[in-house]
Every structure is written in C-alpha cells, then in structure tokens.
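In what comes next, subunit A is part of two complexes: it sits with subunit B in the first one and with subunit C in the second one.
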Partner chain A sequence: MSDAIALPPETVEALATANQAPDKPIKDPVQWAKENLFSTVGNTIQTILFTALLVFILRWLLGLIVSEERDWTAVTTNIRLLFTYNYPGSQYGRIWFSFGAMLTTAMFTVVAFGLRPMVALRKILINTAGLGAFLVLVSVLAPTESFPLRILLAGVVLVAIGAGLLVAIPNAHERMVSFWQMLVGLAVICLIATWLVPWGNNTFANGEVTQIAGTIKASTKNWLTLMVGVTLASFFAARALLAVVPDRVLKGIMLVWWLLGPAFLIFLVLRDPSFDWGYVLSVDIPIALGFGLGGAALLYFLSTPGNESLARTAGLVVLGIGVLTFVLAFRGDLSMLQKVRLSILALGFAALLAPTFSGESRVRMRFALGWLGFILITHWLITGINTPSTLDIAAPPFLGGFMIPLTLGYYVMLASFPMGILMALARTSDMPLFRVMATTYIEGVRGVPLIVILFFFDNLLNLFLPSGMSISKLGGIFVGYTLFSAAYMAENIRGGLQAVRRGQFEASDALGLTTLQRTVFIILPQALRVSIPNLVGQAIATFKETSLVAIIGAFDLLNVARNSIPNQPAFLGHALAPLLFISAVYWVVAYSMSRASRSLETKLGVGAR
Partner chain B sequence: MALANQHSRPPLWRDAAVIKWLVQIAVFVVVVGALWFLANVAGTNLADKGFEVNYDFLEGPANIQLGEGIDTVPDTAGRAVWSGMANTLRIAGAGILVSTILGVLVGLARLSSNWLANKVGSVFVETLRNIPVLVQIILWFAIISSLGALTNAESEAGESGPIPGWLYISQKGLSIPRIFYADGFYQFMALLLLLCIPIWFINGSLKAKRDREGGESIAGRVTFGLFLLAAAVAWFANPIMAFLESPLYAIEDLWRSIPQAVMQIVLTAIAAGAAVDFIRRFLNSRRTPAGLAKLTDDDYFRMIFAAVGAMIAALVVWVMWPGLSSWIINSGGDFWGWFGDKFGTDVDGGTRGNRPLDAMKPAINEGRFSNFAPTGLTMTIAFASLFFGLVFYTASFIAEIVRGGVLAVAKGQTEAAAALGLSRSQALRKVILPQAFRIVMPPLGNQYLNLTKNTSLAIAVGYSDVVQVGQTVFNKNNQVLAVLSIWAAFYLVCSLTISFVVNKINARLAIVER
Partner chain C sequence: MRTSLLKLLSLLFAFALVGAACGSGSDNASDDGGSDDSTQSDDGGSSDDGSSDDDSGDDDGSGDDGTVDLVQGGGTLAAVQARGNLNCGVSGAAVAFSFVEADGSVNGIDADYCRAVAAAVLGDSEAVTFVNLTAAERFTAVQSGEVDVLMRNSTWTQSRDTEVGMDFGPTTYYDGQQLMGLASDGFSGSSEVSEIAGATVCTNAGTTTETNISELAGELGISITLNTFEDYNQVVDAFIAGTCNVITTDGSGLVGRKAQQEPEDQEWVIFPATPISKEPLGPVYGQNDSEWADVVNWVVYATIIADENGVTSSNVDAALSGDNPESVRLLGGEGELQTKMGLSADAFYNVISQVGNYDEIFAKNLNPVGLVREGSANARWTEGGLIYAPPAR
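== the complex of A and B ==
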C-alpha cells in the first residue's frame, strides 16, 4: 500500500500547476513586486534573506567557474574524449550519423505524437529579458580581476531586445509562436554560434595545447550545419508524411524505432561488424527465415480455435527437444549453433502461448507476425554481437565517455523490462511459491547498494561461468545492472498492478478468459499505463546511476573527467573544470528527459486514471 | 447435468490446483537447479585455482590504516570492517538528520508565497536532483581540494580559516569547536531524569485540569520552564548522585554470578514465548464474530515460520553457539561495571569534575604536513565531500516530498480549520502538518534507505566506510566472495531496520478505519 501513497514528482507537479491561475496579462512591475515580494512583513523579510543568500551563493559559484586557476581549455581540448573516448577520429562520420538519426527520431516523435507546443510570444520575450538581467547580475557579481564588460553588454542587449519588443508589440501576450517558428529561430541561433562567434579552437597533441583563434574547427562546423539542416528537414518531412500516412501508423513505427533504433545504431553504425557475407547468406539468413516463417505458419495453425490441446502438447514436445539439445551440448554429444537451441526453446514457449491468442484470423496473424519479428530481430542481434568489429580502436572497448550512460542506460532499461513484468506478476500472484521467490529476490536486491552488486558482477561473474566462457567488463556490468534494475522495475509495475481495480479481474473471469489472456489483454495494459510516470523516473535514475561504473573502472564520462584529463601532462590536476562540465551535461540530459516526459504525459493523459 | 458435474473432480492433469502447484514446483526446481549449477561451477573454478572461501581472515592481522573512525589502526581485519560499519552508520545518521532539516526548509520555501523564495527553492531542487549523486560527491571533493592549504601559525601572513580559533576551512576539511561529555555527564543525566518524574506528574495534572475546565492551556509552557529549571539545578547539583556507584557495582557482581545454563534457559524461554505470543496474536487477528476465519496457506506458513524460528533460536543457543550466553553475561557485567565507573567522587587519576558538558576550540597541529588537532570537531575532506553530496542530493528529493505532502492535503481541510476559528499557525500545526506527515512518511523512509545505501559511494572519495575497508581487505587476501557477503548482510540489516522503524511509525499514523 505504501507505494500507492508515494507521490511521483510528476503528480506533485500536476497538483502544483492545478492550483495556479491561468496566464494573466502583463502587470506593472512595481505592482508585481509589491504583490509577490513585499506583501507582508514576513514576505519582506523572506525577500531580504533570500536576496542575501542568492548573492552569496551566486558569487561563490561564479568564483568556482571563472577563477584564475580554472583551466577551461582542459574541457575544450578534450571534448572528443569526454563524449566518445577512444572512438577513431577517421570514423567520426558514424557518430555524426547516429546523432543525426537521434535528432530525426526526436523530430518524428514530436510530429507523430502531436507534441508541438505553442508558446506565448510574451513568455519568450520575458525569458529573453530575464536571461539578460541574469547576465548583468553575473557580470556585477563575478569575482574576476577585470570587469567582464562583454557579459554586461550582452546582458544589456538582451534586456533591451526583450523589454523593447514587449513594449513595441501591442498584443504580445495574445500572440503565439508555433513550434516550427521556434525551431527555425533556434536553427538560426545555432548557425550564428557556429559560423560567426569566435570561440577559438584547441588541439592537444604530444602534450602541447595549440590554440587557434577564430571560429570552431571546420570539420565540426560542417557537420553541425548538416545536423541543423537534418533537424529542420526531418521536421518538415515528418509533417508532410503525416498528411499522407495516418498518425496511428506513424506512432507505431516510432515506438518500434525507439525500441530498436539504438541497437541498430550501435551494432551496425558505431561498431560496423565485418560480416562474412557468404556465411551470413548461406547459414544465418536461412536459419532465421526458416525459424521465422516455419514457426509463424505453425503458430498460426496452432492458434486456430479448437487446437488448444494440440498446441499444448506440441509446445511441451518442442520445449523438451530444446532442453534436450542443451543437455546434450553440455555432455558434448551435440554441436549446434547456440541460437538454434535458443530458437527451439522460444518456439516451445510460443506454442504454449498459442491458445491464449486463439480467435479471429486477424489476431492469429498478428501473433504469427509477432513471432516472425521476434526471431528476425533476435537473430540479427545475436549475429551482430558475435561478429567482430572492423573498427580499429586504440584501447577497446569502443564504448566510452558519454556513450556509456546513453547505451548502458538504454539497454539496462530494455532488458530489465520483461524481467520486471514477470517478477511483478509473480509477486502479486496467488501462488505462494512464486510470491516467496519474487519477494525474496526483489527485497534482497533492493536492500543492497548498486555498487556492491557491480563489484560482484565485475569481480566474480567469470567465476560462475563454465570454463571456456568469459564475459567482458562492460558485459558483466550490464548483467549486474540489469538484474538490479529489474527489482526496482518490478516494484514500479507492481504499483500499477495494484491500481487495476478488482472489477477488471472479475469482469474478465466472467467473460471466460484464461488467466494468461486476462493478464496479457486486460490487466497488464492498464497497469503499465498507470506506471509510466514511475518508469520514466526510473529511466532517469538509471541514466544518472550509470556514473557508478566509473568506480568499477569503466571509462565513462565521470571517469574521463576525474582521472583521464587530470592525468594529461598539459592539465595535471585540473579536475574541477571537467567535473563542472560533466555535471552540466548530466543535468541537461536528465532535466530535458524529465521535462519531455512530463509534457508527453499531460498530452497523452497517461499516469492518470 | 450441471449438478452432477459439480461433484466429480476434473481429471488430475486438468485440475487447476494441481497444475498450479506443479508449475510452481517445476519453476522452483529449475531456479534452484540453476543456482546450484552456478555454485557448482564456481566451486570447481575455485578448486582449480586452489582457493577456498572462508572467513578466517577476519581474525588475521589487518595492516590497514583507516582515515577516521572509532579505531583507525585496527588489530584484525574483522575489527577494521567493524570500524568501517561504524563509519557508515555515522555518516548515514548525520546525513539523514541534516538532509531532513534542509529538505523541509527547501520544501517550505517552494510553498512560500514569496516569489524569490519559491524560485530559489525550485532551482535548488531542479538542479541538484538532476545531477548524479556520485558526480556531486566527487565535485565536492574537487572543490574542497582546491581550497587553500592549512597554514601553520596564526601569526603567519597566510592565517588559516575564515575565523581563526573558531572555524577553519581548508583543503584538509573543516573544523569547528567541539562539545563533548565531561566527567559529570552521567550524574547530571541521572539527576535530570529523577527530577523529570515530578514534572511529568505536574504536566499530567495541568492537562487534566485544562480538559476539565477548558480555557487557555499553560501546561506546555509551565512544563518547559520547570524542565529548564531542573536542568539548571542538575547542572550544579549533580555530585549528589555519586552514591549510585556502589549499587551499580553490586548489580555488576550479581550479573556476573549468573550461571550459563540459566542464561540459556532464559534465552530459549524468550524465543519460545515470542513465537507463542506471535501465533496467539495472529490467531486472534483472524478471529471474527462468527468464529475463526478460514486460514490460507499463507497464514499457516507464517505460523510455521514463527515456530521454526523459535526452534532455530533454541538450537543456536544450546548447540551451535553456546558461547553466546556467556558472551551476554560477560557483556552485561561489563556494561554495569562501565556504568558504575561513571558515578562516584573518584575518577581514575583524580577527583571527578562536576561539569556535565565541556567544549574545546579547534586547533592546528603544526609540522611538515600540518593537520587539524583532535580538539575540534573536524570533518575530513572525505567525510565532508560525501556528506555534502549526499545531503544536498537527498534534500532535493525530500523537498519535493514535503511539498507534495502539503499540497496533497485537501484544500477543504484548511478552510474547515479557518471556519472553526483556528489561526493560520494553529491550522498548520494541528490540521495540515499531521495529515501531510502521514502522506510524507513512506516516501521519506524510502529516501532514508537510499541515503544509507548511497553512503557506499564513499569508496570514490576514500572515506573509510564498510565498502572501502572491505575492498582494501579483499585486495590483500582475495576473499572477494566473503567480503561481498558481509557487505550484503550489513546493508540488508540496515535497510530492514529502517523499513521496520518507518513501518512502525506508519502503522501508528495510519487512519483507523472501521
């Protein structure tokens, strides 16, 4: 029950915004200050107190950032190390390709789900003026030797633009800026920043830092421009596509791409496996197609109404064969591709599931196609993982820097999802043995810190593997983190399961559904919908906690900032600047994730019932 | 037809109950088999390397120096791990206390009608909860390391600390004056407790009077004043409690004279009594006006579990660990002896001073590597960075919980309180906060759990907590599995304790529904 009371931050936000009045027209600033800052004596005291606090903290923070000892070239020269670690520079186009694919995905998602926020012009102008005022404040407070005139000027210009336009445009609070206008505006700002602002660029070679004045490096500049173009083009392409294709289809495609896109980018783009095409064509593809098509036909037949007992018998027989292949393999009597064995097992389970999906031919067709997709994807993944990479990387693994939080977070969430569902179901089931096992696992894992589990899987996983098998460092971390995350996932999903009302169970029983049908078609969809906000929260937490792999010794963002850069001869001991920088990186990603999910939730009305 | 079918059971392979049990047992066997297989493989692999997992290393020499804690140069590895555990608990306790205070303050700031307070609170929360806690901890470490060095003498030009003699902040950490228990503390507490008895009765009668006659209550203020008076009296008059010395020593002698068998019998009786009591209460809770309710498998499982638990306890006391009883007898004797030492007119090496508390100013030990002297309350750099990182991170979550809790109290409650004529502060104290507290408690408990588990990040900054010490130990002797099991057991016990306490508080706060 305690989970039902625990309010997720999103709910808190909703409660808070529910109490706010709608947008009001512009008020006299003096009037506003009187109402919000000096309404009573207590209020005035608070204002004075918090002003003092703000000045003190801001001054201290600015001191950290602009201090003479802070060497920000440690960050600017090492941007590549921070984001992609040892990825070869000659192959950098692949990184940009992946980045472009992510931007395209974002744009298509925005369009497909209709998340095109309109913002009042007034809000933009006020924020511009506010940013300007903040810059002025910074220039006054910054404890630098020489007065930062440029920051002051920029601030004054921004204030002038914001306030001036606010006064000049008569009905600013009624005018709305649409999403594409904002996008174009942002693109222009990005292009100006890329091509006109003289950031200068640093290179680091042979322990020497060379600084070149001017704009950033041409190679980066070209790619960034291309990315801006890709973003704009994909937005308008998605809009054009939406006019032709129904949004239901586009949404479905986007969901599948969200699940598979990262895997595609990592395996086929960033890793570039060197497929032995002869072998792939003669062995891998026939096996996959055989299992996929043959299995699909079998399952379509088995799920015909009336074939239930046949399906169960067939499922048990196939499952038995699958287990037998494993047993024989351990005795060394049977050599066979591992994925064939796994496919036989999967086919057995699918056949056992067939009665659940028995019904109209449309449902059965979907079930069969689901099997086909499952087989094709798993076979592709298995082949992709087992094929050596063509990339020549100085110090493997090819994942490092910022790519670790991204990929590890993604795969851990993906892999722990089915486990979490199974364990949540086991924990809420009425079968005592399942309940005890699931509860023991969940509470046991939740009682132990992640770092202890990571230590176990980093140091000892290879100990538990039969001789001849081994697993890489990142692989071990992935397994441990997934098992850890699954316990939390199970608790989040259990909260959703408990929110499904009793009547739903009774109604599906009255319809004569089997337990499995009831769970898959009635209970789980409702439960998952309720638990989406919590799952998003867990995704953000997972992303943040990937920083723990730095303790185990993987070279993620944190480890690069804390150990690699301060050990470079040119930046000996300069840890603070890189650390401040990566804090900002983590913050930007986590904060925008939580904002995006919040707007998606309000848009779709998920989480509320 | 239908009636006839009702009584004939379906065939065995179609009976839902049978199938359910078969599936459960099959899955259980598979899981246990898989675990057994893995353990077997690990055993073979270890045997191949000629390595044996055992806990003997705990008795062996440590050769470890801890940064801080109850024992910085431990004799044995076991003692080192024990010190690490104490350090973990120390930082978890301090962190829970301070992050709660800070979190509540920030949460209230976010609820304030003052625009500036509101915004500062929002920025605090949105910034700190979106940066990983490990990054924050390491950032604090880097910030503190970038502070000035500790210079030797106050007379030198580079005088240390913002307030020399009172507050030192440097790259070694920070040091403030320390308040500590002096000789007279226990006598003071004893006298204060004694004086509290009449105050308690006075408080009760004043409250009873108010309930009888109504009107403004002065009970709280009178009690508080009397308590302050009692504390003042006890501060000066504490030596009169010195007579407690001899009765306490007498208790020690009495305790030490208990035979081991008696202690074993008592322990067994306690375990059996607890089990019987649990089962009795459990059955009572299942009793309805219509008689005993039908018991489910789960209910039987609980009762059997209680009985088995008692039997295991008895087995431990008599067979597996007979030393436990004599250990309890000896420790009890030690405790009473230690307690007796705190009373009397003599203290080793002179007469007892009568001051209950004393304070010392921080100082700097000069030398080649100058460091803080132990006179002040010193936060080392490792402790400070871990502490600040954990506190700020956790406080940002607690602030949101507090805000959510207050907002979730229905608006009608505030209006009803106003309609009853309660003032704003009365409404807050007696209507809003008690209800908000009930909503806030479970997620707050979760945050405390998270904070306790996050102390394990100490290893990143070299604070000697149980994980850091454990890692040093297994780096020396390779007993990774043994050390991991100690970690897991320790954190499990901590987590279970915290959730137990939170659940108890929850149960007390819960709305009693009919």
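== the complex of A and C ==
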C-alpha cells in the first residue's frame, strides 16, 4: 500500500503529523469529573461503589506482591534460570548476540516498513504523571508498613515532572515527539536505570545467595549498555541505508530475515553445532549443490511458456517419488538421508508451481534462483540441527525457560500459517474430496484438547516412527502444536475468505487469470487483511498456551517458576513470587502483541471500509 | 512477482521446518545439545539419515535392532565408555535429590551419584548429561535405554523390580512416610498415627502416600478427612493456613519444609518416630546387564566403604598409600578389583576424590534441608543404621 513512497523520512513524518488530528486541549478535571462521574444520583452511587471495589481488589493484589513473606530474592536470584534455564554461563555471549540481532532486526523493520509512530508530547507527559500517581496510590494502599518509601518518592517525582512540564510547555498537545526522539529518551532512561539505580544484585555461589548492594552486576550492565547502543546505531544505520537503497529491497530483505533469522540464531548461534567438515564437504555440500543447481535448471526449463502440462506431469511424478521414499522408509526398506527425501518432495511442489512463473526469462530466472537459495539455506539448517552441539549443558535441551514460549510460539505460528491457508482454501474449494478431507481434519483436531495432542506427540509419536528414527521432546511438541494450530488458523482464514465478495472472483475470471493466480493475487491478499485481528488473537493464545508443555515435563517459564525454583534449598516452597513474576512477563509480551496488532489494523484500515 | 516469490519461499520454508523437526529426530538426545557424540551418529557429524538404517541406534554392541529391549543382554558399560558421556535420568525438581541451581547446575544426592558413576566409568565426574524425567516417564526411559542409569528418588518395590526391563541397585537413601502436625494440636514426636482421628489430613493427589494413609486409617479403625492437592507446595501452604491439621508425605519432604517454612508462631512436629511406610531410594538400570549393574552397585558401595574407613575427598591421596588394606584395594593401589570389572584401577579413587564418600555426599546435599544421618536409618551400620556395604576384597 505504501510502496510508492520514496520520500525523505522528514517529509514522511510531516505527512504523518498532518494526517493525525492533534489532541484536543485538556478539559478542567473538576468539570470532567462532574460530567462523567457524578452527573446523576445513580451515577454517583455507581462511581463510589466501583471505586471502593477497585480499591479493595488493588489492595488485595498489592498484598500478594509486597507481603513480607513474599521472597522476591527467589526471582532476582533466578532471573537467568527463568529466561534461559541452564544455558551455560560461559557461553552467555551467544544469548546477548542473539538478543542484539533481534533488536537490530526490529529497528530495521520499523524503518523499512515506515512504522514510526509519533506521539503527542502531551500524551507522554500525561502518562508519566499517571504512572507517578499510580505509584503514589500503590504506596498509600499497600497493606504492609514496610512498603519501600522509595516508590512513594519516585511516584511524587514522576507526577511533578509530568504535571510540571505539562503546565510549563505552552502547547504540549500540538508538539509531536518523533520515533527517534522517543528512542533516544528510552535509551537514556535505560542507561540511567542500569548505571545509577541501586537495584542491588544477588550472587549465587556454593549454594549461598549473597545480596550485594549497589547497581546490577557489571557483566550484565556492560551487555545492556551495548544493547542500547546497538538499538540506536541500527536505527540510524537503517535510516541512512534507506536513503541509498529503495525501501522495496529493504522490505524484501527484512521479510526473508524474519523467516530465516530466528532459525539461524537458534540452531547455529545458540546451539553451536560442531560440524565435521570432512563429512560436510564430501557429502552435505555436494547434495545441496546438486539439488539446488539441478533443481534450478529443471524449474527454469519447466517454467518456459508452453511447458505447463509438462511441468504438472513432472511435478506429480517427482512428488510421487518423494512420497514413495517416505513410505519405503516406514517399511524400513530404503536408507537415505532425510533431507534428500524432503528435497525431492519440495522439488515436486516447486515443479507444480512452475507454470505460475512462466513468462519472461527474468521472472523464470528469479524463480530458479529462489529455489537455489531455498535449498542451500534449508540444507544448511537441517545439517546444523542434526549435528551434535558443542555446548556443555548439564541437562539438555539447550532451550528452556522463557526461550520456549518465545521460539515455540513463533515457529508454531510461522509453520501453521501456510498449512492453515492451504486447509482454508481446501475447505472452501469446489472439489468435494479436498473439502471433505479438510473439514474432517479441522473438525477432528478442533474437537481434541491441545494437551491431549501434546501428550500424544510426546509419548506416542516415537512408537509410530520407523525404527532408528525418533524425535526429541521439543520437536514432537512443535509438530503436534503446529498441526493443532493449523486447524484453528484454517478457520480464521476461512472467515476472511468468505468475506471476499463474489464480484472479485468473477472479475478475475473475466481477466482470464488461472485459479492459482486468482487465489494468490486477488483473493488471499484481501482475505488475509480481514483476518488480521483473529490471527493476532490466535498468535497471543498460541504464545500463552505454550505453557502447557510444563505438564509434559519440558522446563519452560512456567515449569521453572513452579517446580525448579521452589525446589532449591534456599527458596524451598517459594512458588508465589516466581508465579507472579512470570504472569507479568507473559502479560508484557501478550499486551505488546495486542497493541502492535491494533496499530497494524489502523494502518491497513481493517474494519473501516 | 517479487511478493509472490516471497510467499512461495515462506511456504516452502515452513514446510521444510516441519520436516527438519521430524528429521532431527534421528539423534534424539544429542540433538538437543549436550556435548555427547551421540549414540546414533556413528557416521560422523551427520546423523540425519533418519530412518531404517540398521547401523543406527545400537552401537552399544547389543546387536539387536534398537527396539525397546535395547539394554538387555548387556553392553551399557562399553556404550557409555564409547560415548564418553553418561546419560543419567533425574527429576530436576526434587529438593536435596536433584534440582537446578540458580546458575543452571544440577545438584542433589541423586545428581552426585550420577557424577560418581561418571567418575568411575569415564574418570570425569562432569561427563554427565542429565535427563530431566517426569514421574510418568522415568521407567520407560530406563527400559528403552534412553538413560543409562536412573537416579530419580524412585522407591524400590517388588512390582517395579520384577517388571520387564529394569533392576534396582543398592539403596542410597532410606526414606519413609511420616506425618506432620502442630504442637498446639497436642502432637509430639512420640505421637501415634491413631491420634489423628477426626483430623483433616492433606497430601498430594495420586501418589502412594495417599493410599498408605487411607489404608492405615482403615486398619486402625479411625476416621480421617483426606484432602489431596495437585502440588506439594499447595499442601504445605494449606497446612500453614490451617486448612489441614496434618500433612503426610515422605519424611525427607517433611523435614525440609519444617526447616525452611515453619512460621514463628507455629511449632511443627513430625511423627511417628517409625515411619508408616518403607521407601528405599536408589539407582535403577536396565535389566540383565550384570556388568553394568556391578559397576553402578559398586560405585555406591565404594562411597559407603570409603565412609566406613574414614576416606574422604581431602585425605584420599593419603589413604591410597595408607595402611588400611581395604582402602588401598578399593582405591586401586594394589590388586585388580576394578580392572576385572572393566573399569580403570583408579575408578573409585576418582569417585572419592571428585565427588566424595557417602557421608560427604549426604552432608553436602541433605544437611542444608535439615536431614541428618545420626539416629536415622541412614546412619552407618556400626551406629545402628542400615548403610552397609559388602567388603572390598
């Protein structure tokens, strides 16, 4: 939609300001309260009643958090366990590198897609004062007397800053704070919090927790500072790059990186496979090159105009061979590398798609090159995944704690998305066989609880695999969860497909588009746009429901908080503080996703047509 | 066209991801980290030849086709030595037995016995890959050979021992079910179970503790209200809150909680002095592999003999050239007791110097939660306990 924009960023920002209606001036608060809270007798009673209820709930919640028996050192000492479980401390640079890479990715994405929200200065100031007021309220309401005075003080300072600037700056509601200004502001706040605020740090050694006053640990401090630097630097680098490179290219690169980057970070950076280079050079690379170059040549030929029927036949034959290799594997007859089997299947699919790309040689070349890149990257990843890791981990897997909801949630959504699209198309198709199969699958899976599917894939999947082939716990969970999620995804996308008007189908038929072209270029873009709110809802649910893996014994965030920490001698039985902490972690991520989706909806104008 | 290419790419990529996850299966344990050179990837770095190849899955020399009875017929010792790493099944969330410290290391008496076995077999107590197992998974993991030895506070019972596919080693900790009540309710250390008549008794759901207490109440003819919780933390919280008059579980679980969680205004007492059940906890390994069974058993015995002879990790060098002949034989100073088992002569020297003797292991892991040897079944046999080992000669 904004493909045409090649304006300098300043102009874009100015345009954005022009489109955004400035906030209205603030009303007199007393007047506002009279109008909204105490307009009638009934209204007054409701206000008082519900305020009392709110105060009561807040007090109870605060009682949970600040109670004297709530041992928050259980959380602060175990921060590392909560986020990365037993990832070795000597290799922690890998975690920070991955974190920095994702921050860079985020900044480049924000710049490439022009997602640079601007916020009125007034809004920021009001929020600052509001946060301060909340802190003051909290310290007044907190049930224990030992409530730290610092929080009250911080609250008062924040109110003073917010309200003071609000009064001092004349037309705060018209001044906009641009994204980079906010970024710099946040960086300054982060640095102050890291270097000046005396959080204290808990050191764990020889079974003893020692609390050291002062700021957080020096190692963490240095890394955090580097992260702030990386974020700022990558934002400005991306802006500079946008002046040179067209944003279409940058967008394409970012999309590909979002698909590949996380896998690269997880399997090659975090896991650090120890490649046997002799074997890689003599077997892995020749196979990859053979499939890549041979397949590319075949696809280039098959996509020549006039070769459509040949391409379909060839695709079906190759696909058939691919399926056969799997069938034989299950019978125990055919020994070959797993990635060869997968490559044959993928080649079959690609050959079937070839007619869609028939046309000029440039287009066909791109198609062939896309295949080559795909093969090289997937072979690299599969080889990396199957190579033993060099990490010295006490209790595998190397993923644990917060890394499990993060990676599992992301990849389940990513993998179930194309499956969901295919099944939604099958369910709405005119071909009865496809329709029945898709409907059976979707309704079958939706009728079974997720935890049952996870149990099945954890325990029973290995029994169905041919002998010698097995799947790790997280791998099994991933497959089961993806199959489950795909059924829901299909239903969400089907809703979008049905919202596409009949006229769109007829118009594309009238243009002479093939069914595939009609679906890919006309129907799906409109259907997916409508489905965004549902898809984000599903993404949030998927992220949160990864906590079910705790029940089948994976040490994710929930299991660490509920079983690992309360079983350390120092924190025996202290489960509530870790549980409250992980609730906050889940909430922050889920709420951020929901906010991001809302701004995406506004941007795409979903529901406003 | 560019966007369609991207879509195609993403479609294929996601497909490949699913495939990769399936394909990665071939080296199950090693796939997820660990520095082990994988049991199954004997063809160098690539073990993604996932299926059907006959050479995968059994380089432990058992020669059969990698099915459930992988460990039957022996060969675990050779497999562990070839792999250079011990796969040891633990709980990962059992205080004092096997739990994860804040820095990610695994600790506890079970974890230390894993290290002891690794020190004896491989000479390096850190060559252990811990496999966290739930209570439901643990025995299947032994039977299938996923773990070489299971140290997961598992009670030795007749049915488990005679079940296909596993055997029990010597007991490392004698536990037993007890009850805990409030002194203000009239309970004392010498109280009898019959005194809990009419009380609300809480325990975790679905465990043998639940069966034991209700069977005992029926036998004594008293009526109790049994209240079960999913999680032991909830049981203790309910006890603190007063919802439960009495809670019951293994003695080790009660003592630790009393030491850590007893509020200032309450006095908790544990009774009866003689536990109401026997819970001998010890190692579990695959069936019919006496070579491996001997190794695990004698690692446990070696720690006990060292304790009997006063050999600790700090004086082990002196003991090696000392005048106690049993200690010298045990530590490999003379004779060929260890080499005949397929271990190096200094196998038990490594165990004592790297991990410690029984008393050291016990003190390091169980004293912090309030469990002591003196006066319990875990005292030395010379002091009235049950910790006893056959002689090393």
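Annotations for the structure displayed:
FYI, the second predicted complex is superposed on the first by the 545 of 609 C-alpha atoms of A that agree within 3 Å, B and C clash if a C-alpha of one lies under 4 Å from a C-alpha of the other, contacts with A are read in each partner's own complex, and residues count from 1 in each chain.
The rule is simple: a residue touches a chain if its C-beta (ideal position, glycine included) is under 8 Å from a C-beta of that chain, and two chains touch if they have at least 3 such contacts.
Just so you know, these numbers come straight off a predicted model, no measurement behind them.
Judged by the touch definition given at the top, the superposed model places A:Leu391 against subunit C, while subunit B stays out of reach. Of the two partner chains, subunit C is the only one that A:Val479 touches; subunit B does not reach it.
By the touch criterion defined above, A:Ile582 lies against subunit B but remains apart from subunit C after alignment on the C-alpha atoms of chain A.
Of the two partner chains placed by superposition, only subunit C is touched by A:Phe521; subunit B is not. Set against each other, subunit B and subunit C touch different numbers of residues in subunit A, with C touching more.
In the superposed model, A:Val244 lies in contact with neither subunit B nor subunit C. Touch criterion met: A:Leu81 reaches subunit C, while subunit B stays clear of it. When the two complexes are overlaid on their common chain A, residue A:Leu54 makes contact with subunit B while staying clear of subunit C.
Of the two partner chains, neither subunit B nor subunit C is touched by A:Ala213.
When the shared chain is aligned, subunit B and subunit C each come close enough to touch A:Leu465.
In the superposition on chain A, the residues of subunit A contacting both subunit B and subunit C are 465-467, 562, 575.
Per the touch definition, subunit A reaches subunit B in the complex via residues 2-3, 5-7, 9, 11-12, 15-16, 19, 36-37, 39, 43, 46-47, 50-51, 53-54, 64, 69, 431-434, 437, 444, 446-452, 455-456, 459-460, 463-467, 540, 544-545, 547-548, 550-551, 558, 562, 575-576, 579-580, 582-583, 586-587, 590-591, 594.
Listing the residues of subunit C that touch subunit A in their complex gives 1-2, 4-38, 40-41, 43-54, 56-57, 65-67, 90, 92-96, 99-107, 128-134, 137, 231, 233, 236-237, 256-257, 260-261, 368-369.
Interface residues of subunit B, counted against subunit A in their complex, comprise 20, 23-25, 27-28, 31, 38-39, 41-42, 44-46, 48, 109, 112-117, 120, 126-127, 130-136, 138-139, 142-143, 145-146, 297-298, 301, 400-401, 403-405, 407-408, 439, 442-443, 446, 453-454, 456-457, 459-460, 467, 471, 480-481, 484, 487-488, 491-492, 495-496, 506.
Per the touch definition, subunit A reaches subunit C in the complex via residues 77-78, 80-81, 85-89, 204, 207, 209, 248, 252, 255-256, 259-260, 263, 271, 273-276, 278-280, 283-284, 329-330, 332-339, 342, 345-346, 349-350, 353, 356-357, 363, 366-367, 370, 373-374, 377-378, 381-383, 385-399, 411, 414-415, 417-419, 462, 465-475, 478-479, 482, 520-521, 552-553, 555, 559-560, 562-564, 566-569, 572-573, 575.
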